[in-house]
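To start, I am sharing the structure in question, which I have written as structure tokens.
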Amino acid sequence: MNKRRLALTIALTCVGLLLLGSFTAPERLSPVSGAEYALPMEAPPFGADARGRSLLGYALQGAQIVAGPAFLAAVLVGLLATLGGLLRCAGSERLVTIVNGFREVVGALPRMVVILVVALLTPPEWRGLGVLAVFWAILAAPGAIDEASAVASRIGGANFVEALRAHGFTRPRIYLYHIVALNLRPVIVRHASETLMQVVFLEVALSYLALASDEPSFTHLESFHSWADLLYMGYTSLILDVPTMHALLLGLGLVGVTAVLSVSVTASARAR
Amino acid sequence: MSSDRVIELRGMCIRTKDRVLVRDVDLDVEAGEVTALVGVSGAGKSLTARCIMGVIDVEPGLAAGSLRYPAFSGDRDWFDGYVDSGRRGMKRLLRETATLRGAYFTYSPQGASSALNPGRTIGRQIELALTRREQPVQDVAKTVGQVLHSVGLDPRTAGALPSELSGGQCQRAALAIAVAPLPRLVIADEPETGLDPVLRRTVLELLARVCRDYGAGLLLISHHEETVRRMADRVVRLTPAKEAA
Amino acid sequence: MKQWWLQPMVRIGVALALPLAVPLIITYLIWALPGDPASIICPPELCGGTEELAKRWNLDGGPYQFYTAWMANAVTGEFGNSWRVLQGVPIAGLLGTALPNTVMLILLSLVPLVVFSAASSAGWLSPRLDPLFQTIGLVPAVVYGLVAAAVIQLTFGADAFTEDALRIRLLLGALVLGVADGALAGAVTGTRSLFDAERKQRYVGVAILRGETELSNTLPNLASALAGQLRARTLHLLSGAVIIEAVLQIDGLGDFLWRGTLKQDFGLVLATATGFAVVSAALLAFQGLLEIFVALHVRRSPAQVSIEEAA
Amino acid sequence: MGRRRHLLIAGGLTAAALSTGGSLTYYDETLPTTLNPLYASSMVDFRSQELIFDRLWFNSSINNELESRVVDSWEMADGGRAIRLTLKSSIKWHDGKPFTSKDICFTVQAMLDPGTPSPIAEGYRDILAGCKTEGNSVAKVTFKKVFHNPRQRLGFAVLPRHAFRNNTRISPDLEFSARPIGTGAMKGSRGTRGVVFSAVENPHHRAKIPQLQMQEGNDPLLQVRAIMNNAVQGIIAVSPPYRAEISARDELALKSYDLRSWWFIALNTAKAPLNNAKVRQALDYILDRNELREKSIGVKPGERNSPCEFISGPFVQSSPYYNRQVPTKDRSDMAKASALLTEAGLKKTGGTWSSRGAAVNFRLGMLKSMNTEAPDLLEYVGNQFGAAGFGRQSFKISTDEWNREMLTGKAKNYDMLIGKWSFGQVEDVNDLFNTRKTGKGTRNIFNYSRADVDKLLDNYDRAKTDTAAKDAYHKLHAYLADDLPYLFLWKLDTKSAWRTEVKSNTISPYFYFTEFDSWKYDG
């Protein structure tokens, strides 16, 4: 079993877990008296929190919060990158200049600042990870477009297309197969999967901050629990000797799985 | 210091972990002469040339031999204490001989266009070479101009970057850099490769002439019998070392 | 090497425009959203006296008037007083305390990055350590941050916000910022790959044969690439600083931005966002100027020959 | 773990070493938004201002009598429409300027000025008509109408005229909100991370503690650890889960803090099936308050002087307006409940109640900040209704959203909202139950509207004597306990924790620091 296939399997498993989790997430986590601080072996699979709620519920609800927006952002970045690459091959020099200008301006501000300002300005009824994810994608897009068009120009841009035309390939086949599938794929997939991971991390960071300052999170309903809750629980175990180390491990595990997902997706799309 | 022998290499043996690269190499180079180092490719010509400059970048490296620069340091054996001294020793040797490289003997590479620092103008690179002369140069700009002229380059090329010059111009520039420090010996590593027959001839003649003008010996590394026959005062042949046990 | 000055000039241009552009964009966003600006900035139910606020911010006169008025005040260092986070405290004063703290935090957190990157590119740091850095970087900065904050609170208690405590906060914050979120791993591998690629260039080997050193040849040629990387990393750090300052309760731009966002203190957010714009504008300008310097350095030549003639 | 313990202990020692010199530090829930009494919006704001300002009249925490530190004598005038105040002499503002009747009248005029966008001032606009000075020490305050408790109505903090240059349009972002000038025991100054109070000598105030620092406590458990390390000396609110741990320590004392607040579940009387009184009564029977109290707040069954006592109407039991004839419901009574529901036309099929064929499903909301006082109350309430056969979804609501949506009567899509009301000096519940349309009922969550209720509230408004007022509210209590726009839960005391080195620290209901002069600290 070669590396790429292995990576692909891992990637698909992670994606599957994420989606499965988001679909099977319980609507509410009910306290179970007697199961307080239960360890994984006492309350399988992950143990319970201070009120006896199963940590599995946290994990699933967290997955539901991030899954949609993260994939949305990833797809968005992927599409924009593809577009960039194709336009480059279509021989649009102007695009490159536009993208460069766009990149300079957008890339000049720290992303978190932009995100917070957006969060401030979005009306409460629209507020949610979705909006932030889209903006994050927009912030991540210029880099992706830039790299995609660089790849496109490396393979010869417009000339490449002409050459293949001479071989009698149809334009759609050239653009979709030869350019996107064969050459742009690695770049597009890498950027998409990185964005996916970043959006998950963004959610965790924002929710965690909200928890720390006992304020409502921008990213999800108050009745829902983010993976940040697990990390927060874990933090109390680190510093205040509360027996919730297992929550921290689970939280870090989930973050790790996300990272693995991103890495393996990238690896599986690497050019032969 | 009165001797006009520039290099005296005796019984040098260089090896990697698993095989011997060159063995029992003897090489004498006299000032003002053209010495040719010939041999089939893989015989270790370039390696030997690098070794006499104190650059041994193979492991464990020096296995035997002695190296003297009579015109510079009389009877001192520069390999003394470095035989079988491993990677560390080779590094120390590199540092110790740094002052000689680019001063006592200089190097004129093949395929000069890729061998010149793309981030420095030709003038600047020559200027740096000039700093390694024994007597400090008074009017740098003027001298740079002269050096360029001596290799048949327009002084205006001083402001140009390697990327802005043709292959032939680069080759001349490289030569200029090599002779600028007024060395006792110029080591030219297959200067003719990658040049068409006409240009090859000019470059080689230029090389010989300039070295003569600057009173420097020339160690010519080549596998072109014809070139060697025409130019060399003395020929040293390298044969590939047989596998060591 | 045609028009070598174009790119740096673009950078410097953007740098100059940025502090003007950011508030402009925010302003137009406010007017783009449905509902009247005053009640978007601060819903009447939350602030009280929205109409008072509308007057105070010249919101009645439309975006252009608002923007110009705000800019005119900002130039004179007048940002008004905080409305909801620290009611009645002059925002200018807050920026005065925040900017140095943030800059200090970033500079401190650059130290480990620069040191480790240098070490790795000099070959003193084995690539086998990379996985270690990556694992460290996997833990979100917030986790490290909150642990550090708790230690400080428990240790200093009443004096948790004295100068000494602040210094410790900055140090811990810098440390966290430096290692977490893959900052360190990225920096180390990034710089190393740059240097390795350059070392493989033939001219380096030849330079050694000329008795020159490796670094003196490679460094000038890598300078602009390194500056680009440095800027990217610093922006990444600035972004992370928002989180770290909030968690570690460091009075920095990021923290005020966060609190302003939570409490919808628009004045504070506008000011701090602009503050960030200024910082990253400075970075851009630095990169641009460095590129110009490098280009001129590259063109240095003893013989008086002008670039145009040669090019 | 061992090593970390060492770290904590070491931390404690350093902190002890650092925080000496009679300076006292305490953690409050959050940082105050403002120190300007007109813009106080949270209990944190009120508490901090109590140290800096003198309210014209306040209830003594010892005998609950109305007292004033600044008024020397008073007399009613104009047949009860006005009150003439003679101020104590030689009282000074924190900046040394003399305190005069002009300041009283300035405060009144500032509150009456529509250019002062303050919710609190708005409240006073329905009460006060104006103010005239009669010399430096006498002010005559006139009311809109005759009140049965005129002095109670004058519970506002007095503002310094000179600090506002006599401009009565007081806006919240004036620097006064951060560096106020008062006549209170302590001068307060707002930093980015807390408030520093320092004692100011005055004839009417003699604080024994030279300096007091307020900081934000962050995580509740972290606060507890900090006070155990003597890193701080006080915590305003100790979250229930950690109270046992505190009371087990000799060097710490748990102190009851009566917020004058009672908890409720507001029912959406406009929405079926809750528009049916029988259904509401049924829910009242389903609710097992004892279980809720035990599980969420951790009150053991039969625990004496528990911080949480049940109520049957919109007043705390200690209030004169509380109607003791109306019994509280402590335990659930499912039989009664299902009987009432069947009467109301609901059907129970397969364990779930349905009305007109559709299963009954409740949307529950709770003010997020209450979760620290009563962890997961929302869940437990939901579970009780769930067990009784109702579907439910639960949501926690941020303070901002609560103020924006719930208090303004926009929360039409909720069925139940768990919240609490706190009362300062005047227990006036009119704006909770008055019909909104009339311009009153400004905090009527689900726009509950009953002609009889409005009439009773009006009676209270018109009451010229305490007895008349009591009578009106007793009737109101009885009516609401039957019609149930709210399911009334309990009065819940907050528990503060202080180091035992802090002595004679009387905690006044609601305002907390009213008796700060008597506090001592030998640390």
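So that you can tell them apart, the chains are marked A, B, C and D in the order they are listed, and the count of residues begins at 1 in each.
In this section, a contact is a pair of C-beta atoms (placed from the backbone, for glycine too) under 8 Å apart; a residue touches a chain by one contact, two chains touch by 3 or more.
Note that the coordinates shown come from a computational prediction; the quantities given were computed from them, not determined experimentally.
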item: Centroid comparison with chain A (C-alpha atoms), farthest chain; value: B
item: Chain at the geometric heart of the assembly (C-alpha centres); value: C
item: Chain A and chain B, separation of their C-alpha mean positions in angstrom; value: 56
item: Centre-of-Cα separation between chain C and chain B, whole angstrom; value: 49
item: Whole-Å gap separating chain A and chain C, where each centre is the average of the chain's CA atoms; value: 23
item: Rounded Å distance between chain A and chain D, as computed from the means of their C-alpha atoms; value: 44
item: Junction residues of chain D - those touching two or more other chains; value: 218-219, 222, 225, 400, 404
item: For chain C, residues contacting two or more additional chains; value: 150-151, 154, 264
item: Junction residues of chain B, two or more chains touched; value: none
item: Inter-chain touch pairs (all); value: A-C, A-D, B-C, C-D
item: Of chain D, residues touching chain C in the complex; value: 7-8, 10-12, 14-15, 18-19, 23, 25, 33-36, 39, 41, 115, 117-119, 171-179, 190-194, 213, 215, 218-219, 222, 225-226, 229-233, 400, 403-404, 407-408
item: Chain A partner contacts - residues on chain C that touch it in the complex; value: 10-11, 14-15, 18, 21-22, 26, 29-30, 33-35, 40, 138-143, 146-147, 150-151, 154, 181, 235-236, 238-243, 246-247, 254, 257-262, 264, 266, 269, 273, 276-277, 280-281, 284
item: Residue ranges of chain A touching chain C (in the complex, touch as defined); value: 100-101, 104-105, 107-113, 116-117, 119-123, 201, 204-205, 208-209, 212-213, 215, 228, 231-232, 234-235, 238-240, 248, 252, 255-256, 259
item: Chain B-touching residues of chain C, taken from the complex the two chains share; value: 1, 201-203, 206-212, 217, 220-221, 298-307, 309-311
item: Chain A residues within the chain D interface of the complex; value: 27-31, 33, 50-51, 124, 212-216, 221-223, 236, 238-242
